[in-house]
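In the two complexes that follow, chain A is the common piece, with chain B as its partner first and chain C second.
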Partner chain A sequence: MNHELISPQGLRIDGRRQNELRQISIKLGVLDRCDGSSFYLHGNTKVIASISGPKHPSKASSKKDENFYFNVRVKFATFSKNGERQKVMKNSKLLGEFELNLKNIFKSVILVEKYEKSQLDLNIEILQTDGGSEICAAVNAATLALIDAGICMREYICACTASLTSDGIPLLDVSHLEEISGGPTLTIAALPRIGDHDQSVSFVELSQKFYLKDLNKIFDCALRGCEKIRAILDEAIRSNANETAISELTDN
Partner chain B sequence: MSQEELYKTINPVKYLRNFVEKSLRPDGRDLLEFRPTIINKDSIATAEGSAIIKLGTTTVICGIKAELAEPDSSEPSNGFIVPNIELTKLCSPKYRAIGVSLDSQIMNQTLYNILFNSGCVDLTELCIAKGKLVWVLYCDLVCLDDDGSVLDVASLALITALKSLKLPKVNYDLDTKVIKVDDTIKKGINLKALPVTTTFITFEQKYLLADPTSDEESIADTFVTIATCDGQLSYIYQPGGNSLASEQFESLIKQAGKREKYIISLLENIFE
Partner chain C sequence: MRETILSNNEKSFVEKSILEGLRVDKRNLNEFRNLGLFFGQDVGSVICTLGATKVFAQVSCELSSPRTSRPNEGTIFINVEMGPMAAPHLEVGFPLSDSCIQINRILERTLRESRCVDLESLCIIAEEKVWNLRVDIAVLNHEGNVMDCSCIAAVAALAHFKRPDVTTTGDGEFIIHSPAEKDLVPIVLHHYPICVTYALFDDGKIPVADPTALEERVSEASLVLAVNSYKELCCMNLTGVSLTSPHLILRCSEMAAERSRRIVEFIKSILEEDEAQRAKGNLPKGFAESIALSNLPSNFHNEEIVEKIEQPEIVGIAESSSHGETSDDEVKIIDDNTVTSGKWIEVTSEDEDSSSDEEMPEQTNTRTSQDAPKTEKKLHSNESSEEEKTIVLK
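And now, the complex of A and B:
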């Protein structure tokens, strides 16, 4: 079954090469009522992330008496999945795990010292998904929204998936079809390598199993994917900042 | 904070009054001028019908998911349309973070009324087998940004999504009770009318403002929402507040009619 994942010409089911990312489209500052927002399109997944804060902690938050309050809320739109209407999941374990993962990923990279006793709210709305690793899109969208809001961060956090065919060829950025075809899927969120500063990984999730000897291959593939995504995110941020700067200058 | 923002925060009523007395609004519009409208259809591939509408910065996305169900025994050839809007902290700090708020429940009912008062959709079109199988259209709206006039944007998103709806062909065998869904053949539903809503507010009992922003809504005396279709009045909603003179009402209805023409021309452009 696995050998269909990559044809003899080196093309995958959707026509990509082994180390090609799916189409990514980014828009920043899409929402007006919050401090930072982003629209992130990756293949068939569309996500909107919005950041509200830093602000005075709400009553509910201040009961917990922490140093920095970071609330994450993820919502799947009811029309987001193919097939059945997505029922509203209340207290769902899956959502809880998703939110906790995002919380931990970002708490480690936001410069918390600058936001003591403040609250930051992250809202993720998943508008469309084909079922594959929404956490990657959520992490990338959240990074963009945080930067759009001007929240101080150590580095970009980029998330990517990678898989392995039965012949041991690593595939970058798996689509849902490839995911359910049976190969293992490695999802990582990493702070990519820039200059001398080495890359570090913040979140790893693996489904299925593969031989330990293939670990390096698939890990490297995913990390290189994160680097590529970082470049794409960075370019979007810079061109957006450029446009904003130009419009501010011409206004004055 | 700039001087202007400070003044606006300290005395929002006087701030708006200073503009309105000169027949202008803080964003430079005339009293009865609307913000730019952007309509986008078929935005979500996983939904059977979808639309994103922007009015200034107010943004609502509508996605329709169709499911099969048994009809009500009292109306065996009628399908169901269930509009449901989500107003959460994502779109404005005035709403609750999670859960269903009173505002969204009121808006759900208002959207339903607007849809059925105008005779927009004939529910018998959603019937597959009388008394046995009908379509249920779950129209889920998510408000992404609330800068006033959410009802206008939501109802426009709803009818645009309904117009872009593509339902697969369903065969129901009465004898074997087997349901066969054919995804390759897709057909839309026929909309008999396209209701367009316009929201106005009154300010200090004498000024009428069309398409209020969130700041203007918070200091308004009263709201009036008027829905028209085919140049005819189909729904009026005024949730209490100060009274309006009948001449004011008449002028509002005329404005609503003009707005409807403009919106219909936009829709015709998209759906050619």
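And now, the complex of A and C:
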């Protein structure tokens, strides 16, 4: 399977240019029974995130005796991946790593001081995956859900992937096909200016191998992708807030 | 059992010292601890020590059927176990502790997804029978940076391992030869990826190389970079509750590449020695001998130091674990008296910005004879066990 990742005209397999994101579609407040929720669609990846909290710590949590309990549960729907039905992964290292990463990413942005001795539950359900890094979609969906729930955070946290063709052209936002037939994939979760950093990175993951000297290029590409995604998330949040405000006014 | 509580005093002390560039064990911020690599009697077994952290790796192989997605490739499975032996607060069994999951996953990505092992050479009959390599890593002592230690151990074990030779006759039949019939065949490694860990302090601004257990607990985040000797980044993982800048990551990757290159050379040199000894018929005595002493010292020399100090008077050399009999190049103590002015060469890595090649000899020269009694003791005990390789220079 030797697809050309980028045609001579500069188009990728799915017709995008090298620095274009896939289509993103956002819906907030999709679930009634939890404090915040979001439905995030990114190309062919669909994720639902829900936040429950801040609330009184459950018995299981309070055994650990921490200051702030942040529980993350990620579930891949059995129909989520291409092809066969996926077996339920219990206690798998992959899931464990996924949840651990999400926990650390958000613990670095949530204002933990405001939620002492309380518990926050994040549930992520991945309905459809396409494009290797489900953690990207999960992070973006979780950010939206947290804002929808009104949890205090320092900034938006956005995640994006980037890859490099064999000619050294950075590709933004790789899909599944590009990932398996192409080069290395870099996943970054970053946020815009905080404190002294120009742009802070909270999470970096690299798969496969590539030359160190290309690291700069691929990093830049992914960071710019994060900025673009942030703009999209911001717009969605604000328009949602507007609509809610307007509908509340017209109700009264 | 719960981990002993980290007092606020300890935490703030470590943090403040790091801000001033000092570490509790007197290292520089970019300095790595002494590394020791000792092979065992079996092929594919190795103990790796990084300071006080000790890790044991063993590679084994068995026949199995290949994955449906890759029918002509062998499989490799990596398993890292941290139990109460490593540290009292660790427990075995599911669900795996967070740090254990992290180490497992990073090693999997480093060794499997970077394709460092040539899996196609492990295929016997496509779609039916392939070799399944299994790397089992047991952490013997957890004193920080189990990640790096496990990675070096795994790579060394894989490079050391030899599998039985197989001949395929036609019709899907094959014969596995015993070591007596045909020599064992080594595993083909495309490259040697080495993990280098940096703990991040001061809100992700200061990277500290090779953290000890205390520094790990105090740090907010850690950056793991797996680089091979061709300056290829095999795996990168930034985790923890901290935000850091991309410039720092780029800076650390350069330092990691340098470190990785040296480690790969070292592994190769130890492998050659072991190979030579086995060819002579000197099987190593086994780990019981190497662990006879309370502290496994290092056998990693910083080449720059040895080159700069020209024509050293080699007072005594004791060979390392992979030797059985006393050979002529074993402990050669010319004159006991001269040992008192000897020096113990500490392994230090270069500072990232200064050309510290010039600084190194000065550092070693300032070592006083306080170290001499230590070396004296070591040499004497070495007479019987010939386990460590130490170069005592005048």
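The rule is short, and it goes like this: the second predicted complex is superposed on the first by the 242 of 252 C-alpha atoms of A that agree within 3 Å, B and C clash if a C-alpha of one lies under 4 Å from a C-alpha of the other, contacts with A are read in each partner's own complex, and residues count from 1 in each chain.
Throughout what follows, a contact is a pair of C-beta atoms (placed from the backbone, for glycine too) under 8 Å apart; a residue touches a chain by one contact, two chains touch by 3 or more.
Bear in mind the structure is a predicted one, so any value in this text is a computation, not a measurement.
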item	value
Which of chain B and chain C A:K93 touches, first, second, both or neither	second
Contacts of A:S200 with chain B and chain C, given as first, second, both or neither	second
Which superposed partner A:R85 touches (first chain B, second chain C, both, neither)	first
Superposed model, chain A: greater residue contact from chain B or chain C	C
Chain B versus chain C as contact partner of A:L191, first or second or both or neither	second
Partner chain in contact with A:K63 - chain B first, chain C second, else both or neither	neither
Partner chain in contact with A:L212 - chain B first, chain C second, else both or neither	second
Residue ranges of chain C touching chain A (in the complex, touch as defined)	94-96, 98, 101-102, 104-105, 108-109, 113-115, 193, 203-205, 221, 223, 227-228, 230-246, 249-250, 253-254, 257
Touch list for chain A against partner chain B, complex	30-34, 44, 46, 48, 50, 52, 71, 73, 75, 77-82, 84-85, 121, 123, 125, 127-130
Of chain A, residues touching chain C in the complex	91, 93-94, 96-97, 100-101, 104, 107-109, 186, 191, 194-213, 215-216, 219, 223
Chain A-touching residues of chain B, taken from the complex the two chains share	44-47, 50, 57, 59, 61, 63-65, 67, 84, 88-93, 97-98, 138, 140, 142, 144-147, 214
